[in-house]
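These are the structures in question, set out in turn.
Okay, so chain A shows up in both of these, paired with chain B first and chain C after.
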Partner chain A sequence: MPKEPEISLTEKTFVLEALKQNLRVDGRDLQSFRDIQLTFGDDYGFVDVRLGKTRVLARISAEVTKPRPDRQFEGMFTITTEMGPMASPVFEIGRPTELDHTLSRLLEKSIRRSTALDVESLCIVTGKRVWSLRADVHFLSHDGNLTDTACIAVITALAHFRLPVVTVSGEDITIHSVTERVPVPLSLLHWPICVTFSFFGEDEGGDMVCAIDATAQEEALRMGDMTVTVNKNGEVCQISKSGGVAVEAEVLMRCARLAAGKVKVVDKLIAEALREDEVRRNKGNLDWLKEGKSENER
Partner chain B sequence: MEGLRNDGRRWNELRRIHCQLSTSSTNADGSSYIEQGFTKVLCNVTGPAEPSNRQRVKQDSATVSCEVYFAAFSGTDRIKRGRNDKKVQELQTAIQKTFSSIILTHLFARSEITISIHILSQDGGTLAACINAATLALIDAGIPMTDYVCACTAGQSTSIFDNEGASPDPWLDVNYLEESDIPSLTVATVGDSEKIVALSMENKVRIEALEAMIAVGISGCARVRGIMDKEVRRYGKEKLEAEGE
Partner chain C sequence: MSPLTPEITLCPLPQTDGSCQYTCPTSRTTILTSVNGPLEVRAKDELPNDATIEVIVKPGIGVGGVRETRLSTLLQTTLKSLILTTHHPRTLIQIVAQIVQSEDHTSIPLLLSPLLNSTILSLLIAGIPLRTTGWSIHLAVLPANTPIPAAHKDTILPNEEGESAEEGAMETDEGEGREVIVRNPGRVLLSKAKSSHTLVFSKEGQMLLIESVECSEGVGGESADGQGWDIEEWLRIMRIAKGLCCGEGVEVVRDALGDRKIF
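Now for the complex of A and B:
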């Protein structure tokens, strides 16, 4: 496995000294994300998220399967992540790195365990037929902060996805194609969004700097990190900080509150992008969408 | 019963902690055994030694690696957890990262320190017990660390806020029943500095309730440190006296 190139001493000193003065190499301030760009594909549930140079692709697919015997009322939802040499030469196919493990666990905890998706709504016939949803996350380019980008990608893709309408009559199940019946959105209970903080310098004497959305360069130089997952209602769904520099509880709480504020902005951005896409898709035929009501004056 | 939890503790009481050093004298450089209530964990430390894997060699510091084994009989259901189980891998990375920042790794370049943990019984607070056991085993192995790492759990007793807006007291050191019922977090601090080195929470909690939970967790860590320190000193004294004779 090729090792990640080490950052030269001069570069390291430059970045760290700049951070001490609250400056970053790309000109952002410490508490701001890079530009978030959301691009939707032709299909529902296909999203391409760019955060600066980091690029992540998420795709939702659904199929009908048998439910697990111990959970007869629930559909299935799995998230799979794939890191290949496309994102960075450090990653190899079929040999998951430590980052791979932590990332997939984080997504699992943030999205699945916080019950963002109501899996009971995926049930078609109890004990016989349920929808099995699968979110595939592909990393196309790695310039730091894969966690937050992947989380935004999965949530946006889920919110964008439409499930085909199913009618049940007796034993027969009919899955209607998109042209036959308008597919329905998933029932998402809330949108958990990850914010990762990076800590630079020791906590002694208060000269520790904490920044969000680190680039790959900053990630290689940081002394510790913490990921907080919050939704816009101010509920913390998951926190994980393992190792790294020891931090006062007060600093961590400040980070959590900051994350709650940031998430509101990101949440709005996603909602806006989804609405624009909806309008674009319904070009010319469905006027009620633009007017925001279900009945028109005749 | 007013104000008592299902096992008869009050909100700020720890479960009984029993710890031991040097539990296996032959095959490990350091070892320990800890019981926190019915959570029982055995830990062995080997190293600093030559890395088993060439890829793990670091030129300027020691590599810390961690292996966690869940005994199949440790939980309520008999589950065999393999090496690739996600829960096992998460525990391993959490412990490995926590101790990489605490052990003075620069003193042992090109070597490896292995922490292997056997979970014999699970009754809530598994991660916390593992971290505590690893700290004791590392002390027994004589590996230099900046300070003790002590971990403890805290849970939010109920999500209902009373009329004055004050939340009820969080519960310290949750057991298995409480852990599966209420949101809880694990916090690990360094020595008595109240600084957090590891924090992990997996359930949904209002951000307002978080601060109280962390505060209670930290106070629990300080108590755990006291208990562990007492045992380390007792063991050290016993060892010295035995050598003096």
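Now for the complex of A and C:
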């Protein structure tokens, strides 16, 4: 099957030398993201995230199921990621790559294990009926940094999703359609956002060269990477560094601090995009939507 | 631009050889397709004299199942008669279709026509040699006296006797009317339909695909209740579809490609 085209020696030297002088091929500096574009669809819980040439779709869907016998008060939440040849011909259907595994593991750790979503709020009738939520992540175009893009996509889609209202009378439940009752947002406790750092070895001064939001070219040349997941309050949800070049504790601290700053900006951007979409959907009339909120202002 | 013209974006994915995003104007089904090829083919799929065509349909919700396999088989067989496979023997032409948005992710009739149109456009953009181009249309037959919302009035197709759509609809109010045929219906209209037909015609008017389904919702598929269709009705549908695919369809493709001068 097709392989990723190998980067020539000249190109490799050029990119690495440039990085050591704080320069990048696309003109960004080492500590900045590419432009993040968020587009919403016709229905709730669907978002299209673009980060430069990288493009990821996320869709949230919900159905009513029976809870697991050992967790009767909790709803279910699963994240499915599958890379296909659409993102890049290197990815094959039914044969997950190493990137596939690390990515789904990372999303699991960042979003599910950090309890971003309150699964107890998905319970309808204890032990009988719960909401089962699924997030489908589709990778459309691969130009590096799929992890951060996928994380932003899932979080934005969760924040955008509205759950239909359910009324319970005894054992019977009635699910009201969107036109009948205003659907309610999910209770998201915080928004964990991933920031991936790529390491390119030490420069003349002995400092580690690290860049965020690497493109596919930079990813192919990097010597190691680390993903830090932080929320806007600066709480670190997880740090993952599997192999690659050794990094000093000092560099790690610097990265974590930088990530906290970046996450604040991304968080604001997502909140703004969500608000704009809400206004567009309701044509300026926001009063009736406020009644449909289940969470308190924090 | 008329309200019945689909929204087409060509080459939305820069990493692929050819791609297309297609939104059906009335059912709001959005499909994204990408084409890569000719690529190296797996040894077990290699054909000595032809290119292998692989079609992968990825659902919007969940993982692919029987429905997706059915859709990809329909696509693959239709495209086989369009692509000049002998031009690239022992290679692979890989087509991936992602269902982005649909009113009903489980309905094959709603998805099939946009999938076909989007794939054909991406093949043209990818520069895959084609015998001719094709276009697909989805028609639904509604029983007489079906109330049609004003927003969907322009999807009603005129009867062949030359009377306009408005007159036809009016007549049904008086009770002696006949079935109404609408194009690319959405989920609501399709649920009221007697039968649904997806047809593909080449630019020259050759029929490439027929996918007709009887829609007897909730009556267990019994045909005695006036569902289904007879040969007269089907021939009428075929004539209408042919007219639309060879007229309007060709125009849409031509407009979308603009000055790319592919055909």
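Going forward, the second predicted complex is superposed on the first by the 277 of 298 C-alpha atoms of A that agree within 3 Å, B and C clash if a C-alpha of one lies under 4 Å from a C-alpha of the other, contacts with A are read in each partner's own complex, and residues count from 1 in each chain.
We adopt the following convention: a residue touches a chain if its C-beta (ideal position, glycine included) is under 8 Å from a C-beta of that chain, and two chains touch if they have at least 3 such contacts.
Predicted model, so just to flag it, every value in this text is computed and none were measured.
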Combined model on chain A: chain C and chain B, fit or clash: fit
Which of chain B and chain C A:R112 touches, first, second, both or neither: neither
Which superposed partner A:S61 touches (first chain B, second chain C, both, neither): second
Contact breadth on chain A, by residue count: chain C or chain B: B
Partner chain in contact with A:A260 - chain B first, chain C second, else both or neither: first
First, second, both or neither for A:A246, with chain B first and chain C second: first
Contacts of A:L140 with chain B and chain C, given as first, second, both or neither: second
Partner chain in contact with A:K232 - chain B first, chain C second, else both or neither: neither
Distance of closest approach, chain C and chain B, by C-alpha atoms in Å: 14
Chain A positions touched by chain B in one structure and by chain C in the second: 1
Complex interface listing, chain B residues touching chain A: 55, 86, 89-90, 93-94, 96-101, 185, 189-190, 193-208, 210-211, 214-215, 218
Chain A to chain B touching residues, read off their complex: 1, 98, 101-102, 104-105, 108-109, 113-114, 203, 224, 226, 230, 234-249, 252-253, 256-257, 260
Chain C-facing residues of chain A, complex: 1-2, 41-43, 46, 48, 53, 55, 57, 59, 61, 80, 82, 84-89, 93, 134, 136, 138, 140-143
Chain C residues touching chain A - in the complex, by the definition given at the top: 12-16, 28, 30, 32, 34, 36, 39-40, 42, 56, 58, 60-63, 94, 96, 98, 100-101
